[in-house]
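Each chain gets a letter, A, B, C and D, in the order it is written, and its residues are counted from 1.
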Amino acid sequence: MNRQKIADIIDRQSHTDRIGTAYDWFMVLAILVSLLPLMFMKPHKVFWYTELGSALVFIIDYLLRWGTADIRHNNRKTAFLTYPFSFMAIIDLLSILPAVTLLNPALKLFRFVRLLRLMRVLKMFGISSKMRLFLSILRKERQVLSSVLVLALLYIFATALILFNVEPHVNPYTGQQTFHSFFDALYWATVTLTTVGYGDMCPVTDVGRFVSMLSSLFGIAVIALPSGVITACYLDELRKRRGR
Amino acid sequence: MNRQKIADIIDRQSHTDRIGTAYDWFMVLAILVSLLPLMFMKPHKVFWYTELGSALVFIIDYLLRWGTADIRHNNRKTAFLTYPFSFMAIIDLLSILPAVTLLNPALKLFRFVRLLRLMRVLKMFGISSKMRLFLSILRKERQVLSSVLVLALLYIFATALILFNVEPHVNPYTGQQTFHSFFDALYWATVTLTTVGYGDMCPVTDVGRFVSMLSSLFGIAVIALPSGVITACYLDELRKRRGR
Amino acid sequence: MNRQKIADIIDRQSHTDRIGTAYDWFMVLAILVSLLPLMFMKPHKVFWYTELGSALVFIIDYLLRWGTADIRHNNRKTAFLTYPFSFMAIIDLLSILPAVTLLNPALKLFRFVRLLRLMRVLKMFGISSKMRLFLSILRKERQVLSSVLVLALLYIFATALILFNVEPHVNPYTGQQTFHSFFDALYWATVTLTTVGYGDMCPVTDVGRFVSMLSSLFGIAVIALPSGVITACYLDELRKRRGR
Amino acid sequence: MNRQKIADIIDRQSHTDRIGTAYDWFMVLAILVSLLPLMFMKPHKVFWYTELGSALVFIIDYLLRWGTADIRHNNRKTAFLTYPFSFMAIIDLLSILPAVTLLNPALKLFRFVRLLRLMRVLKMFGISSKMRLFLSILRKERQVLSSVLVLALLYIFATALILFNVEPHVNPYTGQQTFHSFFDALYWATVTLTTVGYGDMCPVTDVGRFVSMLSSLFGIAVIALPSGVITACYLDELRKRRGR
């Protein structure tokens, strides 16, 4: 098996490449296995082996990618030097790290870096190409959409400030503390505006309830405006492609 | 009453057929009656009779459909042999089963199969023809919509992983256990992203709350993107039909 | 003041009619005052007077409308006979009833009929003419929209049936009873599908949580589909009017 | 530094003006610092200094704006007299007030006026120009949108009235009081219609639950209608601009 073939498998271009597809699915499996210890409450003996196995797969994948870096980047020989400093290569390296320090539980949270490897999955399912359409819409309408976002954030900030000063910090009915800091008020204001409404913090004063009512009504506009902009732009895009 | 007439009643084609419509409504009633034991907490004597009655109706319906299978499938005589293995025929048979074992409560949950009979109701109200329009839109935009779905699922997975490791598994304020497994975290992440927000699990740490805030804001995009795609496509469809 | 003038004031046609507008606002006030006893927990002495006052206004309004019935209905003399049996006249009469029996608290709930008088308010603000546009859209797309509604209702029914049989009827964490009847399950299923999510009933089993997750994701489609249909149809309507 | 230059910095017209941009960001910082005491639960010694500092910045800003009033308003000399009575000038003056009375905590809530200064931030980010597009849409469709709003408010009023009289004022399961006044019922009805659903007030009677179910289903229409109107109008606007 020559290096060209390995490069083709790793950077699968078409959907008909069976070995490339199998390799991609195998990597998805390795990522899921490597995240297993994060999905259970108590450490388990078997995780030592899953960690070792997934780490080995990641190391081999890293070496294969490094070894074919020149082929995958237009045969530039300098790719061997620049590849380890590319964004994805650093992520790959960081995702191996927690396995090296198996005995040190402090590095447990470092495993979250492996979530970033899921970006490869996006590419695999051909989603990255579809997302480019959405990203082009977002870019074209970035001024309008960012205006809505800044407005929403300013509104959340103002609402949080009012609620934080108007509402009692201890719920008089349940005796539980609601606010611990201004950040909690921001959390509340966001949860209300987006119509999630957990209910762990509820307004108990009349002013607070009035502000919440305004927020929830305003929240409809916050959903309607970006929906409208995205719809209009997507429809436009559909027409253009047909016009060609 | 000859077999052709029975086939017409069972497979009613037009809205003007009165006997066919009556037969359809009668079947809806039989399905509802057969589901009655699932709608009450305690077993009741009367359910023995409803079970018997609905089972009899289902058996007769099954036999009538089998007996007219050739007429309803372009007069192919082989339809008598293939019909019992068709999807709807198997469902019909399974929905009779729980009645046969009236004395065995273990088969109680088997009654859920009868819910699938409601698909006949869809056909009856002419909904299946309207749904075909939506399904054609979904098929046409399946790549974009499935991309949004995979993205949403990956986002739910990543959020759940972070929340599961960041949040305490026992709510410090109420003393109740929140997470029992990673599945609970997935449930929480879904409930937040879709802006349902039950409130049985609430973030209590600052990191968890920040992740929830991002989720709820991102949830607006998850609602806006498919809405936009469906709207644009539906509008397109409307124009085309007029163009004809 | 002749009868023609009274008819003009009661059935105000233009926004420039000052006395007609004043009369409309006065009636809104009378409706609000007549609903006052429903807005307070404890009966109050003053309500005796508000009840009397609003009832008098309603009686006079009723008599004025009856007395000018012929003028307001193309000078048909028979209008005097048919008017008391028209829908709005019956509502007007029913809204006077609770005042007649001031001493009987059993008729308190009869006051809700007065809410129907708010329909006059819709006409007053010119909303009824705007609603006609929406109603024409709803009528034009009634087959598609009713299909979505029936689908949603069938989905709520199926979800409720599953949750009712899978979930324990007493919350194991809080010890509170959740379900009292199948109706409660229907309530829960609706609250989940529409992404309200009160949290008074929460799934505690894995199957129940999985069903809730599916419901909340499906809920996005239930919001997106009618939004799309209404948007497409409204846009179409806008174009047509411009084309004229 | 002459007065013309100061006027240019304060009323920055282009994005290339570096000193003007720096001045804007400095003012945003000053507003945030001036709001600091509202973001903490307990008074702190350091707030005395932040209050003094931000007040000084506001005073200088106020004087600079007053001193260049003629230049910024077409060289009208009378601008010196009229400027202090303009809307923004009054807001600026009111936002200085709380600092003057540092020792009087009763004026603490007066600091909320400073939130209005955030309107300057909107202008700074160029949002006010983007908002004008949305406002023109809202103005064009104001009759339709206000009709939806009035309908929603009437619906909230009617729902609140029914719930207030049907539901018990003390939750029979938790023993907590739910309603204290009719305003609480209005709050509940709004929270349900907008699909926020905190869960601090939940229907416990069958009638109340039925009303809530209707509300949550109706809430979808309340989201879908304005979304549709805004989308259709925005799309129209996009076409027009291209047509030019």
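Going forward, a contact is a pair of C-beta atoms (placed from the backbone, for glycine too) under 8 Å apart; a residue touches a chain by one contact, two chains touch by 3 or more.
The UniProt protein names, listed by chain, are A, B, C, D = Transporter, cation channel family protein.
This one's a predicted model, so the numbers in the text were calculated from it and none came from an experiment.
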Over half of the contact pairs shared by residue number: find the pair among A-D, B-D or A-C that meets that against A-B. A-D
Indicate whether more than half of the residue numbers at the chain B-chain C interface occur in both copies; give same if so and different if not. different
A CA-based fit of chain A to chain D gives a rotation angle in degrees, as a multiple of 5, equal to 90
Longest centre-to-centre distance from chain C, chain (CA-based): A
Suppose each chain is reduced to the average of its Cα coordinates; what separation in Å results between chain C and chain D? 30
Taking each chain's centre as the mean position of its Cα atoms, how many Å separate chain A from chain C? 43
Quick check on chain B: which residues sit in contact with 2+ other chains? 195-199, 223, 227, 231, 233, 235
Would you mind writing out the residues of chain C in touch with chain D in their complex? 35, 38-41, 108-109, 112, 115, 118, 121-122, 125-127, 130-131, 133-134, 152, 176-177, 183-184, 186-187, 190-191, 194-200, 222-223, 226-227, 230-231, 233-235, 238
Which residues of chain A touch chain C in the complex? 195, 197-199, 227, 231
Interface with chain B, chain C side, in the complex: residues 143-144, 147, 150-151, 154, 157-158, 161-162, 164-165, 169, 173-174, 179, 181-182, 192, 195-199, 202-203, 206, 209-210, 212-213, 216-217, 219-221, 223-225, 227-229, 231-233, 235-236
